[in-house]
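Consider the two complexes below, in which chain A is the common component and chain B and chain C are the respective partners.
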Partner chain A sequence: MIFPIFPSHELGLVFAVVSGFGFGFVLERAGFGRAQKLVGQFYGYDMSVFKVMFTAVVTAMLVIVVASGVGLTDFRLIADHATSATFVVPFLVGGMLVGMGFVMSGYCPGTSYVAMASGKVDGLVTVLGTIVGQVIWAEVEGRPGFARFHNSTALGSFYLWELLHLPDRAGPAIVAVAVVLMAVGCFIGAEKLERLFASKADPLATAIPGGRPRRFVVAGLVSAALAGVAMLALPTGSRAGTLEVAAISPADLARRVFDAPWSLRVLDLRPLAECAAKRVPGSECIPVDDLPKLRLAEANAAREIVFVGAEDLALPPAAAGYPGKLAILKGGWKAWEAYALTQPAPPAPGAALAEVEDYRFRAGIQSALTGMKAAPPAPPPAASSGGGTKKAGGGGCSG
Partner chain B sequence: MQRDPNKFWNPYVAGVALGLVLATTYLVMGGGLGASGGSLRMGIAALSLVAPDHVAATPALARAAVAEHPNWLVYELLGVVLGGLVAAYTAGRLKREVLKGPRISTGSRIALALAGGVLMGVAAKITRGCASGQALSGGALLSVGAWIFFMAFFGGAYALAPFVRREWR
Partner chain C sequence: MNELDVARHSHLIDPSLHVWTWEIPVYLFLGGMAAGLMILTAALWMRNERRSPAARWLAFAAPLLVSVGMAALFLDLGFKLHVWRFYLAFRWTSPMSWGAWILVLVYPVSLVMALAGLDDAQADRAIALCARVGLGGLARAARAFGLAHASALRWASIGAGAALGIYTGVLLSTLGARALWSSALLGPLFLVSGISTGAALLLLFRVTEEERHLFSVWDRFAIGIELLIMLLFLVGLSTNGAAGRAAAGLFLGGPYTAPFWTLVVISGVAVPFLLETLEVRLKLRMALAAPLLVLAGGFALRWIMVAAGQA
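Moving on to the complex of A and B:
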């Protein structure tokens, strides 16, 4: 797996401008800096909004499905990272309101920036309105009545293939193929509708050229869909059978839980009551007898699974067949408790830098997990001759 | 070269290009594109100039003011404006004007644009993203919420369209 790259903050900002440039350029060239062309969708004379948006959705989806199929990335990983949780009622109500705002202003928030950039005063006003509206809702969303609505009917991260009870590995590709078929059907319908409206004698209707479908685009979509189907046949991960079981130390687990939680799936195999009381952050309580129910052999291989037992643990047989990486927490829960939930002893004055760093990390974890603040390490002696020890006691756990 | 300001890309070609931009963004950043999150960040920045204490005291505002992702979105919007500017200029569409139908005054059109903008701003916060952040970026990754949004968005727009026909036709 190579993607996503997750560049450093600064590089990411440079990339933000580049991808934004592409976004803005394409939107403008599609005619989306022009309100009449956008709202044409809702009067039947120009279906560009639907065509461009749906084609973009299909294209991006297929790229990620195919890249995921050949092992360059993982669909679920990107989806968990890039999409918001689902809130059914707020999305229904809010979605309709965004649609209404769209026909009133003539833009959606994204295209209003493009319109503004191409000199349209109504675009600029829409941008300002959007900013005001965003702040207004941010202002009230925390208040009791509003918060109840804002967070109602929450389903968490929820995907179409889960809605259809498809397995995690093949699900995205199956749904993708269905979406492509639906898109092709909708495009044919949209062309028919446009022709129908254009034939009605309305001089304005033909003023804005729509654009004919191009065979090669349809052919491209279909061939990409076929590639997606081919992905289903490829064994993802392709490591099935060779069980590598690494032991992970509590320190390494803590680092990963805090720095890259999306790369892990922590399964706590202790009895439910013990796990429910205290567990590694983000872990799932799966009593060892329930493990077969997870059907790990069919699960998505993107995340490394870490098993947590009460003490050291042999690999449970139900984990066999999991196509991804597996690890076992060295020393089990006991070792975790000793490492992460007990206050570390501060290093002696004049301790090596690495030791002080280690202490700071542990103290940070401990205070984050228990709410307890540890005393900062003792500062190095003021008259230290070497000067090799740098500021050790600085700012708590800001590291 | 002859430039026709009324000539646009074929919508399917534009869609594929947009999809490729979006897919590249997923593959590099692990996230999608958006427009409303960046707007919120700018609004909060403006608000903190006037009333910094108020921003600090309101949890939703304070949280958004320090979160890292909206910062990325502001830079992305900077790119959107630059990209839109270059595309409009090279296509001969860069012109100061108010776009509206023939039967509505400029003042009413501006008022409706402002009202629509505020409405979209509020609603896009409720839906955790607008047409770009939710429908486009979430829809391509098959999020159920994004597809609910997508359908509600078209439903709402079609429902209101007959009532604001004067604005456009």
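Moving on to the complex of A and C:
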């Protein structure tokens, strides 16, 4: 899913382009396509880029935390899938490099595109430099020595509340509140800096109306309070009592796997070797002993979980706390194999439409999954070939 | 019946629907742009005898672009050595025959107009250049003929340009079995898109501020009409029975939704329109962003139409 409001991938892309143009336009109009304004951060005379970007970060963070607090989205899902895992040393080195490039060129990657679009040659050079850098990176990324460096100090998806050992449920809210407070502090500090260095200000820059820091304090505290209240007061994922387990047939599972794969999460509980050899498309191989590691009790309830065993299986205890729907594949892997991976018998001539439709679906799945096309059905038996009572010519022109 | 309908055992049973590859959209784009250039350079001449040197030279871009487009068309031919057969007959029921003859008409009209449109110093250089390949006399005669019949020539250029622009759309729309292309609006759509890409190409060069303003106005006018025709095109398809609805569905939620709306409607039409309007309203210096977006959008429109029509 590109954008959580639009379920359709296509519409998400359209929205992304519209918001991209809007973002670029606003950046350009705000003067962020000018290198002088951007390097102002480093000389301290104009902190507006810092304030704008930090405001954007805080706003996005609050929206995601509050929305996942009220159950509209799931920040853990977004964070785990959309953001990079944490690599401490490479991040520090990379951050320093980006900062150096930022000061030298006067642009960050996004604003260099803005500058290029408004016809600035240095913006174009920065964009080309970024592209060249990416190509070089792609070339050296896989070299043994380099790969060892950039995979070093890997912490996986690691969050601040884990670093600070905060409780799982309230941790994100507490961190969000802390970041908002930090932002407010930074804004006040940035404005102090601007006043201090005002004499060096870029004479071409448009004057910014001198905002009073009190506004930031009020806005920050209100948002922080909102996030805190939303996260702590609203019930999240505590519907453990209403556990329903449905049995799903291979045919229904196949339809959902092919038609709406985003609506379900298939967990294959067979031993790893078996699952690694053959499994339902899109399923995750989780040997039953590893199931507790998924912490299903805290997982997002949006997707229905379907368990696949070797044969019929009972609900594993580790799944008990899952707040969403649960299902078990009827007959397990054996039934799936029989349904989806073996060639179905073709319908008899004159079969009902539903039967032909069902055959088509199965044959389609089977050929999609195995790469084999169905053999043509046997020809219908020739009707009464031995009979000598051949009809005379049909009349008309046949003579 | 089972063989046909169910098992599809023979690869010859399912027809191969995707037969046009990159050559056709490239030709449609370049041909449309050349049509736009023929119309715009003639219209500019009608308005104003005093034109910038760049605007005068740019009239030669039309035959040049048509030539590149025709080279692409030639690559698409199945039997390349049979290309001369197009010119043995004129079949008025065949859009390809119309196209072949229109393309022949475009060359003399656009070349004579470009030669006649040059000022004297430029004309001397052009004729000297032609003289190197032994065509100096012909060029001089063509220029003299063009100057003598300037008014008729400009109208001929507009007419040939319009015919070429409409023809690029008609080429698709006569294939009625392809539901997406089966719309009479494709001709006008490709014509106005050609005019807007032609104006965008002119905006990329060093023309005077007054000409720039004029091209921008024409570009926005063409873009406005293009947007309207696209809307009517989609409305027409969606109210056109099951096949038409399925074709419109390609752009309204189907697999071509994102490319069509992002590359054509947003980046190629709406954003340049807004940018050019803002540049005029706020008296900003004209940037290259808007014309480049128009050109990319015009190319994307052809590419997506040709690809989606064969999906």
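Worth pointing out:
Keep in mind that, in the parts below, the second predicted complex is superposed on the first by the 203 of 399 C-alpha atoms of A that agree within 3 Å, B and C clash if a C-alpha of one lies under 4 Å from a C-alpha of the other, contacts with A are read in each partner's own complex, and residues count from 1 in each chain.
FYI, a contact is a pair of C-beta atoms (placed from the backbone, for glycine too) under 8 Å apart; a residue touches a chain by one contact, two chains touch by 3 or more.
Just so you know, these numbers come straight off a predicted model, no measurement behind them.
By the touch criterion defined above, A:18 lies against chain B and chain C together after alignment on the C-alpha atoms of chain A. Once the two complexes are laid over each other on the shared chain, residue contacts for A:119 go to chain B and to chain C alike.
Contact with chain B, but none with chain C, is seen for A:73 once the two complexes are overlaid on the shared chain. Touch criterion met: A:64 reaches chain B, while chain C stays clear of it.
By the document's definition of touching, of the two partners only chain B reaches A:52; chain C does not. In the superposed pair of complexes, A:359 makes contact with chain C only, with no contact to chain B. Of the two partner chains, neither chain B nor chain C is touched by A:182. Ranked by how many residues of chain A each touches, chain B and chain C are led by B. Where the contact sets of chain A with chain B and with chain C meet, they give residues 9, 13, 16-18, 21, 117-119.
Of all residues in chain A, only 8-11, 13-14, 16-18, 21, 117-119, 346-347, 349, 356, 359-360, 363, 373-377 touch chain C in the complex they form. Per the touch definition, chain C reaches chain A in the complex via residues 1-3, 6-9, 253-255, 257-258, 261-262, 266-267, 271, 285, 287-289.
On the chain B side of its complex with chain A, the touching residues are 6-36, 39-40, 42-44, 46-47, 58-61, 64, 68, 71-73, 75-88, 91, 93-101, 109-110, 112-161, 164-165, 167-169.
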